[in-house]
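Presented sequentially are two complexes of subunit A, the first with subunit B as partner and the second with subunit C.
What follows is the complex of A and B.
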């Protein structure tokens, strides 16, 4: 029991900021970006194209940076992205 | 099974807003309908008490992340085992609009090899961009597999309204032709947008109102028991719901949406 307790104490959880950027896969239309591009042109800006992405900054407790990244991968696959149209990039920073 | 013994569960969460009109549409057939919040079904563990499950339209969980995905994941986490049992018993599931998005995100549609771990398709932002609320024509392309349309003749077309901002059906670009072939070969393609003569839209706006691939408006799973469509049949139950009803010469007091409900109720009465 003592050994088990000390083992638990050894696993120190750290706080990490995981940044997940979800963007459209190449070849997919981006009607929202096209609409904004058109409006910015009408406002007088020489805008050619707008690529858009969504950024999630997730504060998570984890035993290591690697584990935090594995969890972030899981979140992408289970909820944050649809593989039909989305790409994602993950970066992890210790808090 | 007799019609009045049929129990239909209309599942809702926060943001669902077509539950009452869907229940109203079923009411004219004399079946029992119950609108249930997902947590009530979790609490009573009684999904199997129902003969059919409906995911109505709306904006479940505010359409956050992607339309339908949070409902789909919550459903899988909370009622996954009950859902699997329901599906394994071949009990029908209908997804209308946001309900179709939920079925896609859950992996139940298209479901070429049964429920998939990750979605095999998507319903994404309309092209042209924006929320579209209009009447459309749908051509029945199904050869008889879909339990919701198998009494409707193939190539027959229906007039039903849409109301959505994210109804553009897509397969992964690199596999879209193979997946479309599979969809057609397995008789899983149900409705395509068409013009008033029944000719498919061939990607032309506004006949195809949202830029959807191959004019796809509705599909079913490989068993024909799970059906999702973007248009709202519950809003085309009576002929007078059509904005041009005063100009119509038809004598039928009902609208085309009724055919879909009638069809599935007929199948439940004969098969369950």
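What follows is the complex of A and C.
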């Protein structure tokens, strides 16, 4: 009897560092930035304005760079950003 | 009578965008990052860890790029960072 062959589908998971920069959409108020601007002015600095953003560097396991980026997009939409007021930019680097 | 000459020292102030990235020193706990890691795991993502940092983009008037960087260093020490737990990196771009 001929031997059966078993096929095992091997998906190798790689590690990726996904960098997500979340910033405020133009026109939205930034109370923290305004307070810091005011404080720096009081300290004598000629500051015009301060924009603030937050960077999440996420180490994630994924089968490809493209899939890592798709997952990062999903994470932004489901948890990390508020579509009404936030912009975001994603970059992916293999670890 | 010979005319007096008046010398006026003109210091032209330029605009610079100073980018300050503030991140947590290694070994310090990051409760927000840990919570987000947990939430993303519950949503089904294979996340290992999340590092977070904050970027201040400050528009400042200064006489030179070097002076803008010195001012940014001062701002970090006086207001923007906590030397016990924060690292920071400064980059300056002329506007």
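Just so it is clear, the second predicted complex is superposed on the first by the 85 of 95 C-alpha atoms of A that agree within 3 Å, B and C clash if a C-alpha of one lies under 4 Å from a C-alpha of the other, contacts with A are read in each partner's own complex, and residues count from 1 in each chain.
FYI, a contact is a pair of C-beta atoms (placed from the backbone, for glycine too) under 8 Å apart; a residue touches a chain by one contact, two chains touch by 3 or more.
Quantities reported herein were computed from a predicted structural model and do not represent experimental measurements.
**Student:** What is the contact status of A:25 with respect to subunit B (first) and subunit C (second): first, second, both, or neither?
**Tutor:** first
**Student:** Using the touch definition from the top, say if A:80 reaches subunit B (first), subunit C (second), both or neither.
**Tutor:** In the superposition, A:80 contacts both subunit B and subunit C.
**Student:** Which partner chains sit in contact with A:61 here, subunit B, subunit C, both or neither? Use first/second/both/neither.
**Tutor:** second
**Student:** Looking at subunit A, which partner touches more of its residues: subunit C or subunit B?
**Tutor:** C
**Student:** Now for A:34: first (subunit B), second (subunit C), both, or neither, which partner does it touch?
**Tutor:** A:34 contacts subunit B only, not subunit C.
**Student:** So, A:53: does it touch subunit B (first), subunit C (second), both, or neither?
**Tutor:** In the superposed model, A:53 contacts subunit C only, not subunit B.
**Student:** Taking the two structures together, which residues of subunit A meet both subunit B and subunit C?
**Tutor:** Residues 78-80, which sit in both footprints.
**Student:** Please output the residues of subunit A touching subunit B within their complex, sorted ascending.
**Tutor:** Touching subunit B from subunit A are residues 25, 27-29, 31-32, 34-35, 77-80, 82-85.
**Student:** Looking at the complex, which residues from subunit B come into contact with subunit A?
**Tutor:** That would be residues 65-66, 69-70, 73, 105, 118-122, 124-129, 170-173, 211 of subunit B.
**Student:** Hey, which residues of subunit C end up touching subunit A in the complex?
**Tutor:** 13, 15, 21, 33, 36, 39-40, 43, 45-62, 71, 75, 78-80
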